[in-house]
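Everything below concerns the one structure shown next.
Order as written gives the chain letters A, B, C, D, E and F; numbering starts at 1 within each chain.
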């Protein structure tokens, strides 16, 4: 049976496609996003408090490398097969090398309702995996030219809303520990699924709007938006296997690899690679890959991970 | 009370450009600006403000004709091609010309 | 003793009448409304999963008929006694034939705190009862003229925020069932009364603003705004009795009948019967009937229902 | 840089009219529009934006004089009587006349 | 359709002044006003609307030249010194002069 | 160990100082403030229901007097030592004579996590202490001139958002009693700390913005912003001792005395003493005193209170 939070996503898409009057105010979107990001960070931080950071170093290095690799692999495909312009290919590659927090949250909910446990420090890997693809994207678009203002790129990337809230949550969870965070749980843990449901309702409305972009730019993006996550998830599972992650952890890492960013990367690309057309990358990442992962992908990655680890 | 002619430059563009735009305005010699949140439609399609990537801002700058001209030209050259953006200039009268 | 959520309504009215600086941002109103509508839908949907829809058919037909009848009865009164213009009478009739979700929520809270149980599929009837009066209103105002763009009327009615969220919630609750919805309960069930309190605070502020409209259009609207719900509640109780509803279900149906819409109908009338003056209908529905029902009406309907069923 | 004269038509009206109004603008031949949320007061009383039924929108359309005139006249004829609405037209200069 | 010249007075100031300002407008003889929420920068520094004390409003009044003049002068005299505030006046055309 | 809600404040300040893109929409700030104010009022009101108001009269009179005294003492210091203009000194004195609801909430959380109980009717004293300093401030700035429109001052003060919601909450809590309020607890009590965390995140961002104001107006405000609360807390402890309050109650009253308003007073001063520069008062109250109290002050007042009562 489908997780009810997914049904909220379906409701949002349906309402959007039927051109319903339903619109959520921007402030509600922001509120819901902020709570989700902080909640994910807090959960990861609590776990970090329990184990020496040094032990996690191999995993941290591996996911950063994975982020670089995914972006670098996506680029030639977009350029050659998709015949996209350099800037567009670089920007889309950055979206797919990076990760989507919403998809991560759905995977967590999916595993939760199937009582599959996973390494709880995953939010740390999530944060780490957001960044490398952005750098790859900028370099692919621009070359390592002197004119790139890396100072402002770093600012844009590390001080964007997403990373500040995730890192902040991680840090607070780590500093306060499980007992300290307890009084915050009614908001950040108990309401998590309800807030996620509202978030997915909004994502459904947004996804529906992106489909216009798709209609204009044809079948290649649809194919890429489905094939790329499938391919990335295999790399993710392989990485997880090398790192010795549990079944749950493997599903999460596969999902992270398969997911395409729609918070940090679009904002960074808009400033650093302005000549890339955001309609293309958002149509692929939000119009195709997000619904694919949320509706079909995660169960597939679960099956593949079970097969690989079994 | 006397009033003095100035120009009102209005810019409608992507919300993502806000801090960049403000830096340009600060550098242009204008003494201030006003920003409101907006949505709209233009060559770059519908921007419905449902989430940050599709939100617009509407920025107003009251300044002298020279600054308005040069700021408009600079924004046009640097941002028109890559961003959803429109610019227009109107005549206004102000009471305290030294403020602008 | 008065239910505390009602006291929030009283606080809102008082603050409004005293011209306090208290104002809730539109986004907060939207957020609170969205959560309430989804929560009501979800609750009803869970219940629908438990019984064959066929069994409910008689009730469904009955409330649709009730909606038609109420609007048709209100119209001549408004026209003759109130000497209102055709469009205004039609629009107000539509408001009173339809239902108010906020009033429904207060009745649910009222019965809850008195431990009176009721048929849990009531939200389905709520949705069904929203629509017929709108159609009556448009026909009464316009006649069945060819110029009415029924396509856009249907769109306006069925794809408005209220109905999409109620129907969406119903569907998700039905599809996910009691177990599936459980993780959503902290937001949609546990917070229900708190969110309702915030909603009623806002409704109080809005109601206070409508009273200006009243002052201008005199005593007829006040009389109608009290007499009509009393009369409608009797029809509601009779319908409930014919359908064999429980005491709680009878109170709810009486309240639905007595309540006047202020979400779906105003929006639909504004587009489809623009010549109707919205100040009149909102002054009656929000300035008189909503506070009457919330403060006095529901206990009266409870007493009448107990007497009728006892 | 050359600039070209255009008209700015500003409409303040009920939020409920947004999609209807946008359809009219699209049909009028204008190439775009900008919408901001507003509150206000006029012949139809105070509209304080506390909830959807009392919210206003402020819509701007930059277009040529002919379109501004005819759109204003059409909106006036169709909506002025039944809706809270005002319209006004100002002269503006733009840099890229083909955008409007 | 004929159109008639009016003035558009725009005021950008602190949100805290909203009710005071509206009282002044009501007394001035103007028939209405429109308010939108804004942020900005000027002589009084950056006002970023993060919370009520740093929020701006942008108020528009369409009225005849005389009212615009006198209202602007009055606001200037009473509020310019102590509040973050700017004022500017533009020419606009309206269709129904009796509304303003 | 630091309370995690404080860490949210630190996160906000850090993000603000690093010029992160993190910004919370005004509507979220309003929502969070409204819930906090109502929650604080409700808690106090429940307690008031348990005891005759008459018994509290001495405390009520004492804190009103304390508010007057604090403002009157601050004024000459600001005028003489700070060489501030009359209006500025009067306005800042009003801020420091009045109280900060956010600081109060942090003190409550602080005591809660240390299981120190306190007199639960404190919210009543909080409301009472908001007002007197405002009146002092206006008189100090203006003299008792006939031109002061006291009607509108009273309106401004008593019908501002803060006081209406606190008083409204108090009244509802009192009228509904502990049992009546129970269904509202998931929102107003269980989420309290989570909402407080979001609030402090925003306060951190706001505080960071006020620091610009500080830079411009020098060291006097920093000194005053730290010395004044320390001095006020001593007066608060003395008052608490005279009233025979418990340890927890003494800490709360010390914190109230030490805190500087940033909701009611700034709004009232802006209208009634417009010639006072709000940058000065907000830089001191928010840029110095709020973080001082929240990070360092409250533990100091706790220690002083323990010493005084021990």
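Rule of thumb we're sticking to: contacts are C-beta pairs under 8 Å (C-beta built on N, C-alpha and C of every residue); 3 or more make two chains touch, one makes a residue touch a chain.
Just so we're on the same page, UniProt names per chain: A, C, F = Sodium-dependent bicarbonate transport family permease; B, D, E = Transcriptional regulator.
Because the structure is a prediction, the values reported are computed rather than measured.
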Contacts common to chain B and chain C (chain labels): A, D
Where chain D and chain E overlap in contact partners, by chain label: B
Chain pair with more C-beta contacts, B-D versus A-B: B-D
Most widely separated chain from chain E, with each centre as the mean of CA atoms: A
Maximum centroid distance from chain C, chain identifier (CA atoms): B
Inter-centroid spacing, chain F versus chain C (mean Cα positions, whole Å): 41
Separation of mean Cα positions, chain D and chain C [Å, integer]: 34
Multi-chain contact residues (two or more partners), chain B: 36-37, 90-91
In chain F, residues with contacts to at least two other chains: 21, 23-27, 31, 186, 190-191, 267
Pairs of chains, among all present, that meet the touch criterion: A-B, A-C, A-F, B-D, B-E, C-D, C-F, D-E, E-F
Contacting residues of chain E [partner chain F, same complex]: 14, 16-17, 20, 37, 44-46, 48-55, 79, 81-83
Of all residues in chain A, those that touch chain C in their complex: 1-5, 7-8, 11, 15, 18-28, 31, 109, 112-113, 186, 190-191, 193-195, 197-198
In the complex, chain F residues that touch chain C: 25-27, 30-31, 34-35, 38, 155-156, 159-161, 164-165, 168, 171-172, 175-177, 180-181, 183-188, 190-191, 267
Residues of chain E touching chain D in the complex: 1, 3, 6, 8, 22, 31-37, 62, 90-96, 99-100
Footprint of chain D on chain B - complex, ascending: 10, 12, 36-43, 56, 58, 69, 72-73, 76, 80, 86-91
